[in-house]
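One structure, pasted below without further comment.
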Amino acid sequence: MTVLSRRRFLTAMGSLAGTAALGPLSGCGGSASNKKGSSTTSDGAPISPYGARGSTVKVSTWPVYVDKALLPVLEAKAGLTLDYIEDYNDNNEYFAKVQPQLSNDQSIDRDIVVPTYWMASRWISLGWAQKLPMAQIPNAVHLRPDLVKPSWDPTGEYTLPWANVGTVIGYNRKLVGGDLTSINDLLDPKLKGRITMLTELRDTLGLMLLASGLNPATFTVDDANVAFDVIDKAKRDGQIRAFTGNDYLQDLSAGNVAACFAYSGDIFQLAKENPDIVLLFPEEGAILETDVMLVPKTSTNASGAAAFMDFFYDPVNAAKVTATTGYISPVAGMADELRKLGGEAAILADSPAVNPSPAQLAKYATFRPLSEDEEAALDGRFSKIVGA
Amino acid sequence: MNASTMSTSAVAGRRAGVRRRVGRRVVNGAAVFALLYLFAPIAVIVVFSFNRPAGKFNLVWQHFTLRNWMHPFARKELTQAMMLSLRIAVLAAVIATALGTLVALALTRYRFRGSAAVNLLLVLPLTTPEIVLGASLASLFIQRGVKRGFATILIAHVMFCLSFVALTVKARLRGFDWTMEDAAMDLGAGPIRTFVRITLPLIAPGILAAFLLSFAISIDDFITTLFNAGNRITYPLQIFGASRAELPPQVHVLGTMVLLVGVVFLVGGALVGMKRASRR
Amino acid sequence: MVATTGDAKLSSRAGARAAPWALLSPGALWLILFFIVPIASLARMSLSSKKSRFDFRASFTWQWSNFSDALRAYGGHFVRSFAYAGLATVFALLVGFPLAYVIAFRGGRWKSVLLGLVALPFFTSFLLRTLAWKTLLADDGVLLSAVKGVGLRGPLQAIGIMQDGRVLASPTAVVGGLTYNFLPFMIMPIYVALERIDHRLMDAANDLYANNIAAFRRIIMPLALPGVFAGSLLTFIPASGDFVNDQFLGDANRKMIGTVVQERFIRNLDYPSAAALSFILMTLITVAVLVYARVLGTEDLTG
């Protein structure tokens, strides 16, 4: 007991020292705690080292993004306490919330945050992310090959994807009175006031670029203005009921909204509850995004964060998460585990929405990176449309 | 001639009576409508605490169930948020009541230059929209590098509760007979003794009302808190988050529980009031 | 603190002069530090500019254009917010006055119970009540099904209460929600004012005028006026800056200024323009309050 607590104390001191070394400018500050971590796992044990045991791991993530039954399993296995907080509702909002703290090197009381890839890239460039103690995440080897060293984290040292999210269309067959096939179907006057679009720029602009036959991966500012004009007109005509964050789910499930821009897993989950709800991969295409886990620079429990990540990169657990949330898993070999689970989960293994083949995955468009000025210009126009 | 005037006035009188009775009915009807309007959404909250929603949102009626009430604390995050809100509300109410009562005492007990300015200072936060209160505090905290969290929520809540307390207690103290205090001191009681034995019991109902008001305002505050909460999640913030992605029936159960506490207060207060009225 | 009161009592005149300030200072200091200073900081922010979009620090540059830009972009939102808040205040008065009147004059022994009922909504969450309206007014909900069932859809549509067969996501729902949420703030002060009216005065008025309407106009209205004034302020001020009703019940084309401020501040990191908008809102409200006080002839704001 005394030995254990002393060791825990020492490790805590170690990780504290690691964070102290993280000046606002030193991009490689994470390596201190990194080395410390790897030395404690010299035996290469699959479970994270002592540093995590007995500690509390605080995770900020999107709502309904996990199989909650797994959380106590993780706590028992890794011997830590999990504070799983579903307070990540909007990338910009979360950024605005933590920015003053992180800029002043004040703790944000979180060990893992799950921003969308483009926001993660901003965190990394601002020096707000720690390098992950990869040695403590042996399961990271299961990362899907196409996600290794991704564009937003070219060295692959700061982030591990949580899930791919398809920005698609969800609709209520009964309220629509039939089936939809395309993004432009949402602009049909018979759906006036019964559709919603998303407040995230890349989701709504991306889909509307596709609807106009333009490519979100290569578009120009002129292209964007074409799409914005369509959105603006639809809004002024009263076609669009609201621009929403996650809250579109509320109106879709209450039957106030007939069709909307939506996230694939959300619609997958809602369809399980309501047979009228349909997930549509529009004929013009859809947008693919990646939400990634990173450790904020002020976290003193990178080891605990590593234990969390390692747990969910175990293909068995990844399969369970996929079966509940319906998002595309970044974990290779997850599909085999889905089949082993049997029943409904096994069917999912063959669903292109949940487990797309590389060819199917390629059908999704990815929004191109934006410079700060471009982002300011696009955001300015978009927030004017949304905020009026 | 005479008789005819008599009869017209009688008719007029009867007509006035009818009109008066109709007017009475109309006013009563309007009052009933106002009560129904006040209670329609509350009925929804209570009814939906017994709903078994089909999915994540407890917004469409499905089936009656007692399950939510058997497991009112099943959602850890809701209970945690409620506990945080309770802690803040109690602390804010205690601090605001203490400080606000002192201000009210100073304003009613003494005449002094500057009291008009203090009165204005008390009223201003109440005539400022909450969004301005929230934004201004947040802008101060952000510019000064103050980390937003428990302390900043508390600071904000005490600030707007303080005005309510001071004005409520002040209203109660108007017409208070200060000669009682002088009499007590003339009889040899020390100032503290005088305050505790004479003044406090007399103004206690006002202080209690102010305390309850502060508590109620603090526990339900959303707008100012949203700007100054940092990473802390109070109950209203939790509901706001939940309303976007998942609205479990426990939200309605906890809401109904707090409502029941209110009903207990109300019934208790009414019984005391009636007893007092009948004794008179 | 208490001891100071006593000391003042016992000792010199200087002490007596210090006594109120000793009692006041903690509370007054709190208000100065956390109300006046923040407002000053907001004023400074409203004239500042940011170097970079991702920087949260703003430097003070006498950026008056923040105000002109804000007004140009969001002038319509101010007009709309004040119109909504004004309508909500009028409706709250129309709905609330009869109830306050009945409680004050016909409440009898039920007075305290009825008053409690008016306060009871405060024991449930503001957000939850607004969400409940969403359930009540849902496009396929109880209320709208009933309205459509009895053939009221046409007429309601004609007078603009319904739009495209719905109430949600329309000004009707927002104004209805605002009216609802601040109704108790209207009822309470009116009740307090009416309660003070001597019943004998009513009887005398009835004898004199033999007509309730005349009695009401000549006697009750003037005496109820301070209550109406206070109630209107307590309804109008929070309603004009509210964004919860707008976000839950409103639509994409008719946002209120509160929503804009919240979005600018909480999402877009545009603190200077959010501050400028807040300042304009505060100023306009102050002007509105002063005009209203002049019109009603109420001099004493604090009561």
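Per-chain numbering from 1; labels A, B and C assigned in written order.
The criterion applied here is as follows: contacts are C-beta pairs under 8 Å (C-beta built on N, C-alpha and C of every residue); 3 or more make two chains touch, one makes a residue touch a chain.
A quick note: this is a predicted structure, and the numbers were derived from the prediction, not measured.
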What pattern do the touching chains form: line, ring, star, complete or other? complete
Quick note, more Cb pairs in contact for B-C or A-B? It is B-C
Where the CA atoms of chain A average out and where those of chain B average out, how many Å apart are those spots? 40
Averaged-CA centre spacing for the pair chain C and chain B, given as whole angstrom: 14
Where chain B touches two or more other chains at once, by residue number: 59-60, 142, 243, 247
For chain A, which residues are shared contacts with two or more other chains? 97, 100, 254-255
Please list all residues of chain C that touch 2 or more other chains. 56-57, 134-135, 138, 265-266
Going by the contact rule set out above, which residues of chain A touch chain B in the complex? 60, 62-64, 85-87, 89, 97-98, 100-101, 104, 106-110, 245-247, 249-250, 253-255, 269-270, 273-274
Sort out for me which residues of chain B touch chain A in the complex. 54-57, 59-60, 77, 141-142, 145, 147-148, 230-231, 233, 241-247
Residue set of chain B touching chain C in the complex reads 16, 19-20, 23, 27-28, 30-31, 33-35, 37-42, 44-45, 48, 59-60, 99-100, 102-103, 105-107, 109-110, 112, 115, 118-133, 135-140, 142-143, 155-156, 158-159, 162-163, 166-167, 171, 185, 190-192, 194-195, 216, 220, 222-223, 226-227, 235-236, 239-240, 243, 247, 251-252, 255-256, 258-259, 261-263, 265-266, 269-270, 273-274, 277
What does chain C use to touch chain A in their complex? 52-57, 73, 76-77, 134-135, 138-140, 163-164, 166, 168-169, 251-253, 255, 259-260, 263-269
Can you check the complex and tell me which residues of chain A touch chain C? 90, 92-93, 95-97, 99-100, 103, 122, 126, 192-194, 235-236, 238, 240-243, 254-256, 372, 375-376, 379, 383-384, 386-388
